[in-house]
């Protein structure tokens, strides 16, 4: 029996109906391989894919979404695709080919990712990060790619530190002269910062560079293995480098401008930093949604 | 010791820095009471609040965010506030008063919510839904409120049903004449549909009506208690009423146009329906992000 | 049409089959009211209920599970039930009545819960906690109830503190004499501690007391609203009171022995403390699963 | 500066204190490679590790936990370790070596895992499953390993099917004679079943076999890519094979007895099946916690 013989409910024609912004599948899980500088990187990716749907057609053929994802992952291995966002772009283009009724396609991917990290003087360990990628395409109107990272690290609060400095200086006679030299206590906590940036055609933005930018903009990176002395040094580093979430986002924005001078003003950037406050049960968050052009002006 | 004596790190002046889109706190949890038609409704709300931050100021005074939330919840009880979105609006306005450096404020809230439901001929039970609310304000430029609901229900797939009808009609001699009368098997599954709509000043949009609109647009609502016969009837109802996620979103959009004829063209609407497909490990999703004006044209 | 006329698939008799340990429903969500000292406390509870199933019966009648939950919540309001664990016990007993083939029943409940808290000299706010309850019954063999709490708070690490004290004392000439008086920096973080204890028949164990025991055993409780001075004082308190997760669990165990001298040796206790380490991406956990008798010996 | 010079807070001696059941770290994330039949399998594992702590010692040296995990993952690659549970066992043994004060160690691991699957007559795709492993060791008393899987699939309800058969047979004259031949509608839904079994020393239990056992015990496996005809066939298969969660667990138990005749009576087995009911907002769950010996008697 040929597939053609079954009724195609999705293709049913509608009148007086509404177009839809996104129709597709969420939560596809696939193993993928990207080829970074000749080294295979094995990732387990979570993938969402969508196309739009005109008002005249009842349904999108969603099995094609999953077929396209599987085919393009195969292609990506053979062609040694170098990044998650390149794979997202390939899937996005192919979605528009397979859904000829669609004028828009969108792909979102994320995956755990590991880099070797060593605290100064300490032991090396593989630290987990998260890679993110997004691609959108308008038919006949090019394609937009974004690459992103999520980084866990540590922030120490500058405000509590100054308040404590004042309290202790008042309470402990003779301490005042050390108050500038000895790092004061503060609350510090786990921080999650995400950074997404548009990657124009013919340009490379390395996720590893984005991770470096975030890790250098928080109070201190964090590490899986810290022997006693390493732990002391990380704590000292964080308290000599206290940061509000506002500071973290702004420092990242500044570094992006320096690092990506060659990128167009139109490039989209989103930076979000969330601290899981140790003195509160809620979190502190700062965010900037912008373009490089706005940041440069 | 007066608070004034402590250094105000947040108020530090910056040069050559960047403004921030959102700065605030996420994950505040509070018990709240809204007063619907003279009946107290006790909710446990999750709340996020943000303001923007000019490029010249180092930090936002986040303790004010939480103070404002607590104060306005108290006010809402005394003033018998009628809805989550009204409370969100009150918090939003007060945030702009307390953060005089901010030009934008945003509040998001969500809470479990219960309504009595009875399947035809069955037993009444309290069914859980989710209420959502959002308010944003630009200083000197009014306020935008949105109310939303998340509804769990059931969808049965129209496509699989037609395919099975064809297979069974071919395989079982003499069955064909019943194929129109007897509902055919299909895959069906838990569906989550969310609907958010802007609520203009001086207009009421009842969350209960939104829940009704969603429940009447899926294959069948679902119920906590179903005795044998009720269960059979719900299964029959869902299979006589098969729905793609695309159908669900469009039916809701159509009902919104009928129900809210008096609302302006500028009113924002977002409808999203996600089916946790029983034949796949991934979900199917359809979404429309639009305005009433676009839907009417 | 009478329900009796429908086939009862669940009652089908099996041969050579297996009994089942737990059969039931998970994820029931219900609003409930407990009456603590004459004051109504509105909770949104998550509820799981199970019975066992003999090898000879095909299925459990799960609609009865949800009916029992709904009926007993109604009863609990009329009878002014004083606690979540009392409600769990009532549901548990009724499950055995309604499932006459079962010899075991189990009920688990949890709900957000709020208490007024004020940091010394600071502002009062409603802080969120989690209530937990469990009841199990063997037919003809009494009933076991447990009450529990989950508390978020703050821990500061004693080890990093000592390491930093050594580093700073070595680096900063003349500081040594202050090293005992001035609290040294350390990493601190959000901590979640859970405590469950069996409640024998005719005994009251107040959840509020359990929350007090946990909050007094961590480095510091945390608060929604902290003005500058309060924040400084909380940071000081935590660093003058550094705690490993091991210390937290042991301190709670010691306080339980003092507080509940009248309780039998057979009473079960589980204490678990997890710190979301600010210097690591993983958590630190300590746990003791025991009885009061073991702790006393 | 030698590490020895820093104070060892963890080693502090306690009097009149309490031993702890588990002390360690949770949420370690690591890429690992297992070597199955000469083929490298890349996994991203979530790992928890614990030891116990005697009443006389203040703290466990947790940095050793993470070191041991990292070292043993390296060893596992060089030695071509064949499974997650073998790696868990290696880590468990090494924990006891490194924590000489401990008498107990425990390791839990889980990872996404993919197998090629093809619906009859359909297209092949990589389907996601979850691997689980656990190892515990008592010093001087051997080691216990468990391997487990989590499988998503589909269940169709036998009870609703029979009720509908009765309703439709009564309502549609002449249909009765087809009621045995034509599969009746029912509610069906996503099901998650987990199966863990102890692996005695010198015995192999293949995770792939466990996945096969689960997939053959539910109403139907599910697939990423289903063209129209495949979808119809899967729906037919599920409705010709309706299953309560109770049926799923019992069928798995029966297959385990047949497959693992050589395993000892003492071998622990846990099977849990949870259906995300399409007609309810809550789930249905069945579970058996047992040994092969109990099942055989």
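Which chain is which? They are A, B, C and D, in the order written, and residues in each are numbered from 1.
Quick note on the criterion: a residue touches a chain if its C-beta (ideal position, glycine included) is under 8 Å from a C-beta of that chain, and two chains touch if they have at least 3 such contacts.
Predicted model, so just to flag it, every value in this text is computed and none were measured.
In this structure, the chain pairs A-D and A-C differ in their number of contacting C-beta pairs, and the larger number is found at A-C. Averaging C-alpha coordinates per chain and comparing to subunit B, the farthest chain turns out to be D. With centres taken as mean Cα positions, subunit B sits 26 Å from subunit A. As a whole-number value, the distance joining the C-alpha centres of subunit A and subunit D reads 30 Å.
Chain centres here are Cα averages; for subunit A and subunit C they lie 35 Å apart.
For subunit B, the set of residues that touch two or more other chains comprises 1, 6, 28-29, 66, 128, 159, 163, 166, 224, 226, 228-229, 231-232, 280-282.
On the subunit B side of its complex with subunit D, the touching residues are 127-128, 152, 154, 157, 159-160, 163-164, 166-168, 172, 174-175, 178, 181-190, 220, 222-224, 226, 228-229, 231-236, 238-239, 276-282. Partner subunit D is touched in their complex by these residues of subunit C: 1, 5-7, 9-10, 14, 17-29, 48, 50, 53, 58-60, 62, 66, 158-159, 162-163, 166, 170, 244-247, 249-250, 253-254, 274, 280-290, 295. Interface residues of subunit A, counted against subunit D in their complex, comprise 1, 3, 6, 8, 28-31, 42-44, 63, 66-67, 70, 112, 114, 123, 125-126, 128, 224-229, 231-232.
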